[in-house]
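Shared chain: chain A. Partners: chain B in the first complex, chain C in the second.
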Partner chain A sequence: MAQISQDNRGLRLVVRYTVLCLIAAIFSFPLIFMIISSLKPSSQLLADAHSFRALLPVGDISLQNYFDAFKRAPVALFVFNSVLVTGVTVIASLALCSAAAFAFTFVHWKGRDLALTVILATLIVPFETIAIPLLLESSKLPWIGAGGITWGWLNSYRVQIVPFIADGLTIYLFVQYFKDLPAELIEAARVEGASWFAIYRRIVMPLSGPVLATAAILKFLAMYNQYLWPIMVTQEEQYRPVMVGLQYFFQLNRAWGEIMAYLSLITVPVLAFYLYLQKAFIASIASTGVKG
Partner chain B sequence: MKHLKWSVAAVALIGWGTLASATETLTMWYHGAGNEVESKIINQIITDFNASQADYAVELQSFPQAAYNDSVTAGALAGNLPDILDVDGPNMPNWAWAGYMQPLTIDESKIATFLPGTKGMYNGKLYSIGLWDAAISLVTRKSTLEALSLRTPTLEQPWTAEEFEAALKAAKDSGKYKYALDLGMAWKGEWYPYAFSPFLQSFGGDIVDRTTYASAEGALNGDAAQAWGKWWQHLFTDGYAQADQDGADRDNGFGAGEYAFSWNGNWAALGALKAFDDTLFLPAPDFGKGPKIGAASWQFGVSAKSAHPEGAAKFIEFALQDKYLADFSNGIGLIPATPSAAALVDNYKEGGPLAVFFGLSNAQGTLRPVTPGYVVQAKVFEKAANDIAHGANVAATLDAAVDEIDADITKNNGYAAQ
Partner chain C sequence: MAGPAIALILVFVIAPFFLAVGFSFTNQRLVSPNPAEFTGLSNYRQLLGMGVLHLDPLKDAAGAVVLDDQGQPKLPELRKITRKNPDYPQFDGMREWFSWASGEGRTYVLACDVVFMTAIINTFIFVLVVAPLQGGLALGLALLINQRLRGINVFRAIYFMPVVVSIVVVSLLWSFIYDQREGILNNLLSALSFGTMPRVDWLGNPSTALGAIIFMSVWQAVGFHMVIWLSGLQTISPTLYEAGAIEGASKWQTFRYITWPGLRNTAVLVLVVITMQAFGLFSQIDVMTKGGPLDSTQTIVFQAIQRGYGKQDISAGSAISVILFVIVLSVSLIQRYLTREKA
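So, the complex of A and B:
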């Protein structure tokens, strides 16, 4: 009897790991294909596309596509722009949205529930529907800089950052997470005379690692993959992000090897960011049930 | 004396300042970002123009082609258009109608010899002019025609519908090819109206009734259009062509011998010549109303908001020199706009390997509907052609397409002048 149970356990493990390996393979195939293809000339890449050779570093392997990609487009500039815009937006968004969520969760004020409902309602409004009004507005906003007051935010980093700092989804994530924090902690701090800001900074935020990671990853992906808004507001090359830069490679005769090289390059920051926050992200999914 | 010296210096400074500020900056948007050759040529033209006179200095901002139209639309909405724009030929009427562009005032004697497809005319006025055109041909091999015992069609005597059908059947029956015909179904978007609506026009139909541009009724669902739809569908149901094509097959299929014939543009011609030394570029077949191919490529025009339209026109006129037309053709393989420029290009001069495309463009080039509604009609046609290729009922699909086009025309008040 014990032998049968042992065998069943072994079989279950084999099946489980087979399924997991299969899923891992399905998810990693595109990445492997992209990286391997970035090392092959376009003609070989296309010829290998229908066979297993597509996933193997065989044939004429070199870094030429990477050199050519840097010649075709200012790749470093695009990556810098995206990392800057994404980084600033993520940090500002975490600060602002967590503070807003704190106010919605712990502070009692008139109209709080209605305000939260309105903010959550914005989740169902697709960005495409507000893109044009936002463009018209952004093109007329004032800005005070070194040269005094200027009008219009087009062709700048701020036009890619400011409209995306606050958003309903990030606030919602924080609200959901804050609701699960022990209310006694907050009450005790209030009794001790702590200010709301001190509670937010010294008690709530230190306990919010998982939700910070989740919100950061979701925001990072959304910002890093921005395409529609940047093509509307960045007519000057110096402000363009990576996804607009990708279009530089889609010419009449497409250089697929260069496209794969560029995609490999721009995927690096995303993977690095995800790997850095992976543990906290998984902990957050486990605790809140929110999927990225 | 001292005061006099200071006065002279001040006057000189003011004079210099006035002279310096007399150079007006003209901004220009171009769709060629990412194309090193194209960027080099356009930058050379700008450098030459800026050095040739002191009134204007052109500053270039390049965009990737796929993002260009959206950027221009956004720029127009935000009141942020440049002085000089480039525009894809069939989109020009929409941009003119929408108030993005103004008529182009250049000496028309300078464009008298330009290919018809390079002149962007709308409502009787010139709005844009192209330095090149593009053309499509039926690419095959001499050895293929010989093996299948087919006549070599010429510009004067293209294949008839029956001859084309016989050619496809012979290729299919030979069993040597994956498909007889590569239509480029892997390419989407503008390729459909550019490459396939000329078949419809050769049948006698059209995307819209060009006599009024007020409806597609009869043009896109009349007898001729129905005949086109049935012919188009049979290409796929009878196995002559594939309705879904892999991008790799489009790029490499003809060179790999998978297709007997390939419907492709002159931009891919050098690759085909490299693949086979007996490559032939055949004219479009005549389905009854004459052989037709698409015409009009990217062109230069002046934005409606330009404060210096005369300067913008001056730049465009400067760019129309044969040497620049030849540079673009040498660089990106497109057809030079004039015979004199073609004579400067090895590929397009008489006897050149691509000279046939100049003749094709001149003889068979047909503009897509010259109406602001084209931008919508192109998408409707693309969907209809794609649905029919995938087995949709021809009559119902074309009727639905007509309804959609007519509804758009009505919604926009017939695209009357704004």
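So, the complex of A and C:
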């Protein structure tokens, strides 16, 4: 068994790396094509699509498509909206879901187990099945603002933020993580008379770096990439996020250069963020599966 | 401290769920001057109503079969039966879904809502193809990535890359790749076949559109499940593999008797998660085909949104949502039952 010759081993390595590279090409070529094409005029983009030039930054390279995209749609507004909605939801979600998970893990109260069971049961309700009634409900909800009470949440930031702050998956992730923290630590603090909030704030949160990163990454991806909900609740341009903004670009005569520029603009920051924090991204997906 | 989160989940997840059930028995609309009325099961009947009808050829006074211009036996007109025919109240308003020749006549399967039936079938096709394909490919990739090779993390990062890209972006990008005149896929196939292969309108052809969307969806999401498989692979104790090597197990035996049993729980999770995600198929359809061509890419969720939001018919949209939920719940219960730990 152990007498594989040196040559044979070298050949097998070459084969392995060739397979790995071919698969990598399948996964990366559409994205490379998107970014490269965003730099070319539409006519050249279409001509280049017939050869390997499609993946090379050659010919008439410029940022013109990006300028044109900004002229076609209020791109800066869409980006601002997405960043605002995603940022606020992620931060609020981390705060409320970790606090809830803390109460579920360490504090004993009546109805605790039932409440946790119900929350975990919501994991089997796909969002698609509640979207339509939630649309009607949102159109009738009250809001207290500067001008007194108003009714109806459609066309606002809150309708894109508030329904997504608390969710079963995020609470589940925190509960799983908190269960593995040393219980003696919390008991000792209780004996010394620390309040529950102080324990949450001073002891549990500082130990929760990994799960905070996991929950933040998953929430960020879900929120930034949302599409079904915002197309229904943002008829007014003012509140539209980037994914709804895409609709400005798929008209009949598609200007592919501009489309590629817009796609790159809203995707490249996320890809860069991912490549920079690659280990944390992959670990966060993996952690949803470990205990399943 | 759990109060705010519980309140939000009650208002935005649990309440809409029960509202969906409630609305599905009414004629609720998004905006309406009249209050909604209780209509019982009529939404469900409108969506799921079906009937089977056998028609025999017409016969003339002498009892001989009447032939049409082409010399085929002439059947009574289906429309005369399904349009306000007092003899067949149960078929009123139905249309032909499919039919086949039987005996001298034809047997018809009629449905109240042929488009919705098509949407259910398409969604099931999507799930039945995507679940094993994506789960299997993801496992293959995970095994490939689980080798000790220099630079393997770079490959893992690349395979996972499409997962962080929005499915909406991916759909628009791939609609260029699939384009009939300009698309890269046709360019590539035509180059590989020296121009002999005809250019296919992948998304515009009823026989290829759903397949094209399936391929793209797997491409986008397979990295996600690769990572879940990978985390399962890493929980398998290395001592088991050492023992296998000492016993002289072949690669296949190692996989069959060590790796696969160790992945049992992961396999159930991957299957359940892919199935749930696949039933929600919407964004790809909305960006790429809008359900067409000829309803070949209609899906349950696309129908729910088209009616609930597009036509502002909350009650029909809710009824579809409830039907979807019942399907997803039954399928995942069946999956759990079939994959249960055998005592």
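We take it that the second predicted complex is superposed on the first by the 235 of 292 C-alpha atoms of A that agree within 3 Å, B and C clash if a C-alpha of one lies under 4 Å from a C-alpha of the other, contacts with A are read in each partner's own complex, and residues count from 1 in each chain.
We take it that a residue touches a chain if its C-beta (ideal position, glycine included) is under 8 Å from a C-beta of that chain, and two chains touch if they have at least 3 such contacts.
The shown structure was predicted, so the numbers you read here are calculated from the model rather than taken from an experiment.
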item	value
Which superposed partner A:Ala49 touches (first chain B, second chain C, both, neither)	both
Which of chain B and chain C A:Met232 touches, first, second, both or neither	both
Chain B versus chain C as contact partner of A:Leu136, first or second or both or neither	both
Touched partner set for A:Gln251, first chain B, second chain C, both or neither	first
Which superposed partner A:Asp180 touches (first chain B, second chain C, both, neither)	neither
First (chain B), second (chain C), both or neither touched by A:Arg72	first
Per-residue contact with chain A, leading partner among chain C and chain B	C
Partner chain in contact with A:Phe281 - chain B first, chain C second, else both or neither	second
Chain A positions touched by chain B in one structure and by chain C in the second	46, 49-50, 132, 135-136, 139, 228, 231-232, 249-250
Complex contact set, residues of chain A against chain C	1, 13, 16-17, 19-20, 23-24, 26-28, 30-31, 33-34, 46, 49-50, 54, 96-97, 99-100, 102-104, 107, 115, 118-119, 122, 124-137, 139, 162-168, 171, 196-197, 200, 221, 224-225, 227-228, 231-232, 243, 246, 249-250, 256, 259-260, 263, 266-267, 270-271, 274-275, 278, 281-282, 285-290, 292
Residue ranges of chain C in contact with chain A within the complex	1-2, 4-6, 8-9, 12-17, 19-20, 23, 28, 30-31, 141, 144, 147, 149, 152-153, 155-170, 172-174, 176-177, 182-184, 187, 191, 219, 223-224, 227-228, 230-232, 235, 248, 265-266, 268-270, 276, 279-280, 282-283, 286-287, 301, 304-305, 308-309, 314, 317-318, 320-322, 324-325, 328-329, 332
Residues of chain B that touch chain A when the two form their complex	29, 33-36, 61-67, 70-71, 74-75, 77-80, 246-248, 251-252, 267-268, 271, 332
Residues of chain A that touch chain B when the two form their complex	43, 46-47, 49-50, 71-73, 132, 135-136, 138-139, 152, 154, 228, 231-233, 235-237, 244-245, 247-254
